[in-house]
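First chain A sits with chain B, and in the next complex the same chain sits with chain C.
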Partner chain A sequence: MASSASPLKTTATGYATYQGREGHYAFLLHRLTGLGVLLFLIIHILDTSTVYFYPELYEHAIALYRSTPFMLGEIGLVFAVIYHGVNGLRIAVTDLWMPKRWAIQTQRNAVRITLAISVLLWAPAALWMTYNMLLHNHGINLLPFIGTH
Partner chain B sequence: MKPRFEAIAWRAMRYSGILLIPLAWFHVYLQDVIVGVHAIDINYVAVRLANTGWVVYNFLLLAFAFAHGMYGLRQVSFDFVRSERGRRNVSILLLVLWLVISLIGAIALIGGARPELITH
Partner chain C sequence: MLVYLKIFRYNPEAGRSTPSFDTYNIEAQPTDRVLDLLEHVKGHVDGTLSFRRSCAHGVCGSDAMRINGRNMLACKVLVKDVGNEITVEPILGLPVLKDMIVDMEPFFDSYKAVMPYLVNDEVPADGKERLQSPEQRERFDDTTKCIMCAACTTSCPVYWADDQYVGPAAIVNAHRFIFDSRDQAGGERLKILSDHGGVFRCRTAFNCTEACPREIHVTQAIAEVKQAITG
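Entry: the complex of A and B
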């Protein structure tokens, strides 16, 4: 592509202004969740490796993961992993076995369904993680009848 | 890069993605939701690293999830880097990063934790 405009600007503009509705949002969310999970994965491989290379450091990593900002990040991470999987399944199954279903209207519906499934799978996990975060970090027990351990 | 590589990678991304749904979801639900970070300490990890089954499981995650992620990053970066030379440089950089970090993870998985770290 011999263009005078920088590819960075061209792509960023395309990402922002393309009016593909559901398919466009699914694409952006797939990339965002994929990059987010990869960023965490790199950190996670390295921090878990400290158990072998430098175990004294591991406790520091875990203490960080237990903090409220990181736990909020982990709740987001769980959504990212779930959404990237559900939406990836839509892409993989359509590409590999039913390419005829790559019709805009079919996929608009499919995208709505992937989002609904993702939220349904994520919500119980998010609520449970929030409960644990408030309990351990802030001393708030939202489910006093369960008791603490 | 040869078109044959891209065609194989295209399929590999879809098949590894499908495989990662049970593999990564179970891992995340187990460690982040059911067990939770407040119950994870070095003893917990040391016990799991002493179990061959979990080490194999972690190897599968390291191999498939990380390769899937790094190839995905390559695809995303190709949206922004259009020149043949730029794409070649990005590919080499990501390949080296992938190999180095995979190697660190693999060594740690094989090495495991010192036995005295298992305290209970």
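Entry: the complex of A and C
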């Protein structure tokens, strides 16, 4: 009798325990950010639909988006969108036009560069969103010299 | 050096129907291979330990297993390369029969599905042999190195989730014939690989290329087959 784990269990075990290199973690982050964006999109469609069906509920949803936990989530969402896009470009460009660049050292470097580009693109938005969140939700002005709006 | 060796155990015929781990402290040299440690346990400590091995020199491809969480051939990895705490488990995605031995049939079924043999019914021009230039031979040289160890296929996250996916090894072996100038069934293989379980299931996680003990550019080969399909 063979011990045959379900595909779900095998996948979860592999995701959690396989000691892959950069490509493995790039894949996991790509999947995680993709699912995160998808989840947000579903929630966003649902809450926007309340404008038509339950306008009061929509106001409540917008208030929720302005709460600190949701704003922190939005900062994460921006990273998810940027990383998913940049990493998707890395994969598409390599796969479609440069298959010879699917080489070990090239890809280890490419993954690191992808992450660096994503963080660089995300940082200005993240800083600006954090500034606004602290200002409007907690009254903390990190940049008093530019005033409030 | 003292090695702390942790080995996956599963043997339903001997009452071990719940997978578990046994641990052994073994005196070893840094230049010993992990296979040497397994042989030591089997020969001197517990004869019921089961694992596949044949040539023990990285050629036959029978002893692929997860060593410290990563697919490797036990006969090619030295103790000094993985440290003195070593965990050995069977490869993922194939049913475990006993200890490190997995049922390779699903893997071989995928291999057979891509027609891994030369197809050419025409009589050679000189009646004896089909000539090939060095450049034509070079085109598929990399993928001739496959030893069918399954290290690539069982490191693939898509293969873990979807047993309909033929997996990297089958694609590598299809590539070997698709780009062989003497073969005439390339179109048929491309049709097979453009189906649901074919090359487009690949998500380029790159574990296959990292795991290949023969250093085949597996992801590149898959990309080349994708390009051949899309034209």
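Criterion: the second predicted complex is superposed on the first by the 146 of 149 C-alpha atoms of A that agree within 3 Å, B and C clash if a C-alpha of one lies under 4 Å from a C-alpha of the other, contacts with A are read in each partner's own complex, and residues count from 1 in each chain.
One rule holds for everything that comes next: a residue touches a chain if its C-beta (ideal position, glycine included) is under 8 Å from a C-beta of that chain, and two chains touch if they have at least 3 such contacts.
On a predicted model such as this, the values are computed, not experimentally measured, just so you know.
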{"item": "Which of chain B and chain C A:41 touches, first, second, both or neither", "value": "first"}
{"item": "Which superposed partner A:74 touches (first chain B, second chain C, both, neither)", "value": "first"}
{"item": "Contacts of A:13 with chain B and chain C, given as first, second, both or neither", "value": "second"}
{"item": "Dominant toucher of chain A (residue count), chain B or chain C", "value": "B"}
{"item": "Which of chain B and chain C A:91 touches, first, second, both or neither", "value": "both"}
{"item": "Partner chain(s) touched by A:105 [first = chain B, second = chain C, both, neither]", "value": "neither"}
{"item": "Which superposed partner A:23 touches (first chain B, second chain C, both, neither)", "value": "second"}
{"item": "Chain B and chain C footprints on chain A, overlapping residues", "value": "1, 7-8, 11, 91, 95-96"}
{"item": "Interfacial residue positions of chain C with respect to chain A in the complex", "value": "10, 12, 17, 19, 66, 68-70, 92-93, 95-97, 103, 155, 157, 160-163, 203-207, 209-210, 217, 219-220, 223-224, 226-227"}
{"item": "Contacting residues of chain B [partner chain A, same complex]", "value": "11, 14-15, 17-18, 20-21, 24-25, 28-29, 32-33, 36-38, 40-42, 45-46, 49, 62, 65-66, 69-70, 72-73, 76, 79-82, 101-102, 104-105, 107-109, 111-114, 117"}
{"item": "Chain B-facing residues of chain A, complex", "value": "1, 7-8, 11, 31, 34-35, 37-38, 41-42, 45-46, 48-53, 55, 58-59, 62, 65-66, 70-71, 74, 77-78, 81-82, 85, 88-89, 91-92, 95-96, 125, 128-129, 132, 136"}
{"item": "Residues on chain A engaged by chain C in the complex (per definition of touch)", "value": "1-4, 7-8, 10-11, 13-15, 17-24, 26-27, 91, 94-96, 99-100, 102-104, 107"}
